[in-house]
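The following pair of complexes shares a single chain, subunit A, combined with subunit B in the former and subunit C in the latter.
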Partner chain A sequence: MKRLINLRPQRATAITLALLPFVLVLLAYVSFSSERLAANPNDKLLPAVTSIGAAIERMALVPSKRSGELLWWVDTAASLRRLTTAVAISAAIGLVVGITLGALPLFSAGLSPFVASVSMIPPMAVLPILFIVFGLGELSKVVLIVFGIAPVIARDIQGRVREIPRELIVKAQTLGASTWLVILRVVLPLALPRLIDAVRLSLGAAWLFLIAAEAIAATDGLGYRIFLVRRYLAMDVILPYVLWITLLAYTMDRVLRFVSRKAFPWHNMGASV
Partner chain B sequence: MSTTVPLIEARNVWKRYGDNVVLERLNLRIDAGEFCAVVGASGCGKTTFLRMVLGEEPPDKGAILLDGQPLRMEPDSERGIVFQRYSVFPHLTVLANVMLARELKESKLVGRLFGARRRAAEEEALTLLAQVGLASAQRRYPSELSGGMQQRLALAQSLIARPRILLLDEPFGALDPGIRHDMHVLVTDLWQAHKLTVLMITHDLKEGFALGTRLFVFDKVRADPQEPNAYGANVTYDLPLNRHSPVLAPA
Partner chain C sequence: MMRSVARLTRRTVLLAVLCAVVSLALSSPLAAAEAKQKFKIAWTIYVGWMPWDYGENAGIIKKWADKYGIEIEVVQLNDYVESINQYTAGGFDGCVMTNMDALTIPAAGGVDSTALIVGDFSNGNDGIILKDKADLAAIKGQSVNLVELSVSHYLLARALEGMGASEKDVKVVNTSDADIVSAAASADVSAIVTWNPQLSEIMKTPKTHKVFDSGKIPGEIIDLMVVNSATLAANPAFGKALVGAWYEILAVMKQQDEAGKTARTAMAKASGTDLAGFESQLSTTRMFWTAAEAVTFVQSPDLQKTMAHVSKFSFDHGLLGEGASSADFIGVAFPGGVVAGDKTNLKLRYDDTYMKMAADHKL
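Our next item is the complex of A and B:
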């Protein structure tokens, strides 16, 4: 028998092991749910899988009586629009600030402590300020997410840029590169895959700030809906919404990973030059 | 010593890091076309001297002159370099790595060439790649190459910038003995074909003797056993070597 640290699963075993926790949670849910429903058919806490299915159908396929909209899709579109806008803006800010601070010591000396301090401000604490300044519309939600994740991305990129071997920067200069061209042809391409990694890691936080902002002030969106139906203990809506959000977040993560692998084949080749 | 102005001249150069005196009273002259090998124990200032010639470190005292003029204190395309590691760009293919110098020189705004100028650069890069024996690997990324191939690439990449001085910082230190010998043949060919002046750091004395037209030995002249860092190193031997014969025995 090999040591545990040396045991590696075959492909089939790996897939089975990966599915196992999901199946176990599902089974546990179904059994607890049917137990509670047997005791009280009106129990709302753990609705049966069939009533969750009915709720999904009602939200996703039947136009709302009040507005005539398919709420599920309206909420999804609103949330995704806010999230992608904010993440794109954050990535752009993070990239520019991170490269500037990482590659130019003069700028780093002036701005690093400032950026480090700003990134320590709890974004939720400034949410009221954002609402006061930017109003309750789309802008304040996007700004909250940007405020929450752009400094993190910037600091990550700054660190990554500083990790670029000094030799490469010197080498580029001996090949005739100006500061601008060192950044454009060496630092930027080396930072881009890191940017995707940083964005992937900050997606969780981005969703957190999105749901929080929507819960507090919105008229549509996935977070808004969850907090709205909470008043009626509508677990049959909340649970599928949570699963849907999880699926969306997971898909984004996978898409970004795929993009990184396709666009930067050299990044995933392992050997560090 | 020649009476003309040497290509590189160090005049009474001192360098210290904190209490650690690395180099003291360093004087040397290197003429164009020489192949100078620098050997010495670890920490005797070989690499510090190379970094000063590169313009990465200023001397604390004294001066380093290029053509009799004070050296520009930052790296530029007069002085090419091949490091032991991290000498090539991991995000560029072999061909793009070699073309880079032309793109950087000819396109100051975007650093990229298009159309006929791009084809001209590609052609020159392919010629150089053929010289170093990498023509068939042009579409691969550096991480797909062996250590020896990466150093060949680094040489081709430096040479396309037409440096007057080629600095080699233990370039073959991480390679297998057989490959190292191939690299010695290659670097000799390139030195002659491109009429370069080479300054090579090595910790392999045999390599220094095999390649150089001149061998500098860096060592401490004075030593204080109570305070080993109090005195810096200097050139203790400056040996002119006769290398017109095929001295390249396998290492």
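Our next item is the complex of A and C:
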């Protein structure tokens, strides 16, 4: 039946359609930029593509005058280190807490309302407390991200664990499994792919908290650089940094999806998220 | 039937996309400077800029705008740098900022700007705080928390220069001004450079020592009302109205009677403090209460020396942009036809014309 709902694009069309919005945005940018540059050749707001290119070269390939470092890579390494540390810690906390609360009603009764409340605290609002308790160094940045995403992951895992059919748990017990064994052999394998999904969904928030942490107090990092050069409206540096962050986040998302498909083929049967 | 509907839908979508692109391309964000009726100025909270808020609320700005047959909209922004960025992007005709930011943001961004009103200079409003140490020399080897590339950074550079040290002797940690008070409470922070009201807030905590402040480099951190030079040239009425209003507001603010107290209390409230707090900030701010004082300051050769320091600092930190080949890359004009730096790239002008009119009661 020829209806919009049934129309599926062929591969070439799909690629064209996927590229179209990017091309349109690029065209709009170039048109705005050249218009502003015609009026004021020194305009910093929408720099020409060539000056963005020059800025990328300067940041990524030429050692900085002040420190002799390749700033682009120093910033990237610092940010990725913070982000991956924090996400790994959050995933571990989320998994343990989520399974405990989801599988053990006694723990759930005691802790669920607490975890639910903690996950509702906006982390940015308790920044002064984080500073005083964890200092201003690397630790407080990681803690801010963990504080922001671990409770969300935990609650997601808790919900997923509760969705496990009761029959499976009962069946495992009739086969003689202890609580520990049920968790290890039934709950954990079902929770792990969910964990990857939860981490993928919270990556956006993790980047948000990372940039916020770096904007507040830092000596390097992608967010640090953006907020520093914002001081003199260096959009030629900010725009490529934003694109780079987008690319890094997108790549992480794809990698996690790939891992999930390879490691948990049963989970992804028929689904293409 | 079905197919034609589908085609119709596709065509509509395509048309909508095209329309969006064309309208985006046509809507011009830039308007050439020309005579106009309506003007917008931006201000942010700072002791030396609170008069703008009071003048707006007390109707003094409207009175002067009416006198010259124009309209002036006064907009408060929460974020200082953002307000300057918006001015630079053309969103405002005028904006309050320091001399250094005027050089490094609009002027370096190619927007020819005029310091229409020189309102005050910081005379202790910016300071360096050390924990447990009472001597500036102890700052060597420490991590220093400050807003990088701001006047705080400039103050630190000048302080280090004065003791024969350089920035290499300390480690600068960029810290947001909104969070610097809570950051200062953290145990691993030992040296802070900031401005008021954060400065006095941090000084309230025990074991803090103010080891250097802007009173030791008087007249170098200057607070200005900066306007777009082309807009000003095409609309002298805009300059006259702003300057006229400003000195009327200051005259009220300065008075020791009930009216003056009411004005200062209103400004204190709007900046989140009380009268005592506001007056303590005023005491470390050297206001130019009369136009004549401001004119003398702008005409003094000291201002040229200050701008040379600021240009050098800005160039050393890459604030003049990558195209800048030296600290003289941007031309700065002073009263009397004096120009420092590149005459062909004149982007910042100290203009005493309008303040002189106020001093001579010709407004």
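Keep this in mind: the second predicted complex is superposed on the first by the 268 of 273 C-alpha atoms of A that agree within 3 Å, B and C clash if a C-alpha of one lies under 4 Å from a C-alpha of the other, contacts with A are read in each partner's own complex, and residues count from 1 in each chain.
What we mean here is this: a residue touches a chain if its C-beta (ideal position, glycine included) is under 8 Å from a C-beta of that chain, and two chains touch if they have at least 3 such contacts.
Because the structure is a prediction, the values reported are computed rather than measured.
Applying the stated contact rule after C-alpha superposition, one finds that A:W266 touches subunit B and leaves subunit C untouched. Looking at the shared chain after the overlay, A:E167 reaches subunit B, while subunit C stays out of its contact range. One of subunit B and subunit C touches more residues of subunit A, and that partner is C. Residue contacts after overlaying the shared chain place A:L175 against subunit B, while subunit C stays out of touching range. When the two complexes are overlaid on their common chain A, residue A:V186 makes contact with subunit B while staying clear of subunit C. Taken together, the subunit C residues at the contact with subunit A in this complex read 2-3, 6, 9, 17, 21, 24-25, 28-30, 32, 81, 85, 88-89, 104-105, 108-111, 145, 147-150, 171-176, 179, 182-183, 185-189, 318-319, 321-323.
Subunit B meets subunit A in the complex at residues 54, 56, 74-77, 79-81, 83, 85-91, 100-101, 103-105, 108, 110-111, 141-144, 150, 157-158, 161, 163. Against subunit B, in their complex, subunit A makes its touches with residues 165, 167-168, 170-178, 181, 184-186, 189-190, 264-267, 269-273. Residue ranges on subunit A touching subunit C, taken from their complex, read 1-4, 7, 24, 27-28, 31-32, 35-36, 39-45, 54-55, 58, 65, 127-128, 131-132, 135-137, 215-219, 224, 227-228, 230-234, 236.
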